[in-house]
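Have a look at the structure that comes next, please.
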Amino acid sequence: MFQTLQDTLSRIAALDPEVIAIAGLSLRVSLSAVGLATLVGVPLGGLVAVASFRGRRAVVGLLNAAMGLPPVVIGLVLYLLLSRSGPFGGLGLLFTPSAMIAAQTILVVPLIAALTRQIVADAEDHLGEQLRSLGLGRVRRAAILIFDTRFSLVTAILAAFGRAISEIGAVLVVGGNIDGYTRTMTTAISLETQKGDLPLALALGIVLIAIVVAVSAVASLLRSYAMRAYG
Amino acid sequence: MSPSVPIAIERLRYRVGDLPILNGVDITVTSPGITAIIGANGAGKSVLLRLIDGLLVPTSGTIRIGASAGSRPGTAFVFQRPGMVRASVAANVSLALAPLGLDAGERRERVRAALDHVGLGDRAGAPATRLSGGEQQRLALARAWARKPDLLLLDEPTANLDPASAQAIEELVASMARAGTKVVLVSHNLGQVMRLAEDVVVLADGLAVEHGPARSLLSSPRSPQARAYLAGELPWTSFAAHS
Amino acid sequence: MDLLRRSFLSLGLLAVVGSSGLTTALARAEPAETITVASTTSTEQSGLFKDLLPKFTQSSGIGVKVVALGTGQALDAARRGDADVALVHDTAAEETFVAEGWSTKRYPVMYNDFVIVGPKDDPAGAAGASVVEALRRISAAKAPFVSRGDRSGTHSAELRYWKEAGLDLGAIRGDWYKEVGQGMGPALTTASATNAYVLSDRGTWLSFKNRGDLKILVEGDKRLFNQYGAMLVNPEKHPHVKAKAGQAFIDWLVSAPGQAAIAAYRIGGEQLFFPNAGTK
């Protein structure tokens, strides 16, 4: 164990350009996915929170359940869709970073939408009547409540980023773990574990954790700065 | 300014599930100025105010504001707890103007005028949620005032405020009424009702049991419910002094 | 409204971050032309491709992306048209693949060999025996044995050896026989953790770092040779297949420079793969 730890530390010290490229790909894929999912999920969650329509409870239940979608199942379904023999095979997206972005986007949209819905619904409890009495329509109300809860939403988006960058099932299946092209931190860690190179796997794991911590630290710094300005 | 708005409420019923809240309220208000609605907790005062604003939809009955039933003139609602968005003081007023379709210059001008009117002109850029309770309620009034409403609805606007803040709010409300806005005020504070209201409606058991000029109604109520409610008002002296 | 505009602006900003990531991810693709090769985890994990592919790309200008799967999965991916070339090691399955028309020709490329790895103290006494005799002794002793159990080339080789040993696996298997359903690396990890016997390709074993108390007990038996074949996916089945570039890759593998490059790959001085293009 001690030996492994020592090896790990020396591996981290000697991190080569290849590891940096892998980390870069992981970041790019997961940030893209979370960015796209935010665009879809936040307005979706906000609208579900303020709108009243038939089947709303079912939609909320569906969103909450979809938060737990198993990545590997999303990967598998997307694989069948994107495969050359599947309906979207013509796009030639299988085994590309774009396919991985698509998979992670699908993975985290329900998470962002469900958390946004909850956060906006809580804000609606104390602001909703006020906004409705001003004669604001549901789109405007959703937008204002989303703006009002922006600091809490950062936390939801960070949770989505954490889920995206740490998942392996979806990116492995649709990305194919191709060396230098679709190999991410998680698939690399898995590969090195399989090869029995535990110190390298652990070193990569520590780098991955460092990335997640760094991203959330930057986000909470920005958040506290913005909160000081706009309480 | 626009003429005062007559309000005609007929056989107004409101139920939540099987629970009746209002059981056929009839009120006709023709006077300008401030009308107060008083009554015990659970009498349905806040529900009535929300029905007038359109936040709630009546189970049956009609509410007519202004000349015709169809077009509702501008109403503004000030709640017991002012709801402020995490944004600047000015932005909170500005968002109230969004549905009015004003051009940017007009909107800025109205925001500025409203904030000056309530004495928050120098706080325009401050975060609204950092204001004190009294300041937030003044901001809520500014938000209402900027919309130039014909009808202003107030739901216990000073219930959470200290006396000085409450006085500032009362002065603002009185000035808006003088400027021609019809005001309907729900309050438990009978002193406030006495100071502000022209006429008073007493609500009890989901009905409007009495309606009359403030002074005469408060000093000599005719209905037993109004008498009971007014008799329940806590004495000005302390309990200890009686013992 | 200024507030609304700002909230949409911040959403827009996120969108820009997102889509710029998307485009850079897209822009990173392909040298001039790139083919996708479906191959096996054992080949990938042996490190052969890392050594071999740059040499091919340098001489041809064609990039190669390797998707490492079990042999069965790799052939499935090729059947679906998700790869241009399959490079796998299960001769019978490869011949079926060609017979079904998914490829027009199978090219023998090289072989490596399997070894039986087991605990140093060798409780079943398998050391030095032939592969079939070793399996008989292991099963007689009910010594722990780890099987890939994942339809891979290695797995189907293992099943073939049991049959050749005259043993009915269905009848004799018990707690001592564990299927992990995973790649070679995890199977070795499991064997190392439980001090079990396991059939491995030599390449993965040599590059495997977490050996514990395991060592090679059976090797060199002719039956243990493991033939690799390369096949171009039939462009008549899948018109998008990059037939020219794919064929160029196969041609290079079986050419003198390609064969020399395969022979030159070593771990710790040991040669892992033995070129034998044109044999059978």
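Just so it is clear, A, B and C label the chains in written order, and each chain counts residues from 1 on its own.
The rule we apply is simple: a residue touches a chain if its C-beta (ideal position, glycine included) is under 8 Å from a C-beta of that chain, and two chains touch if they have at least 3 such contacts.
Because the structure is predicted, anything quoted here is derived from the model rather than measured.
Asker: Where are there more C-beta contacts: A-C or A-B?
Answerer: Between A-C and A-B, the larger count of C-beta pairs in contact belongs to A-C.
Asker: Which chain would you call central, comparing Cα centres to the global Cα centre?
Answerer: It is chain A that sits nearest the middle.
Asker: Could you pull out the chain whose C-alpha mean position is farthest off from that of subunit A?
Answerer: Between subunit A and the rest, the longest centre separation is with B.
Asker: Using CA atom averages as chain centres, what separation in Å is found between subunit B and subunit C?
Answerer: Centre separation, subunit B to subunit C: 77 Å.
Asker: Centroid of subunit A to centroid of subunit C, CA atoms only: how many Å?
Answerer: One centre to the other, that is 31 Å.
Asker: Using Cα averages as centroids, what's the distance between subunit A and subunit B in whole Å?
Answerer: Comparing mean C-alpha positions, subunit B is 46 Å from subunit A.
Asker: Can you tell me which residues of subunit B touch two or more of the remaining chains?
Answerer: 85, 87, 95, 98
Asker: Could you list the positions in subunit A whose residues touch two or more of the other chains?
Answerer: Subunit A, residues with two or more chain partners: 140, 144, 147, 150.
Asker: What are the residues of subunit C that contact at least two other chains?
Answerer: Only 1, 3-4 qualify.
Asker: What part of subunit A is in contact with subunit C in the complex they form?
Answerer: 25, 28-29, 31-36, 38-39, 42-43, 83-86, 89-90, 92, 94-98, 101, 140, 143-144, 146-147, 150, 176-179, 181-182, 191, 193-198
Asker: Note which residues of subunit C are touching subunit A in the complex, please.
Answerer: Subunit C residues touching subunit A: 1, 3-4, 6-8, 10-11, 14-19, 21-22, 24-26, 28-29, 36, 41, 44-45, 49-50, 65-68, 80-82, 182-186, 188-189, 192, 204, 207-211, 238, 240.
Asker: For a test of understanding, state which residues of subunit B touch subunit A in their complex under the given definition.
Answerer: Residues 50, 53, 55, 75-77, 79, 81-83, 85-88, 95-96, 98-99, 127, 129-130, 143, 147.
Asker: Which residues, counting only subunit A, touch subunit B once they are in their complex?
Answerer: Going by the criterion above, the answer is residues 126-127, 129-137, 140, 144, 147-151, 229-231.
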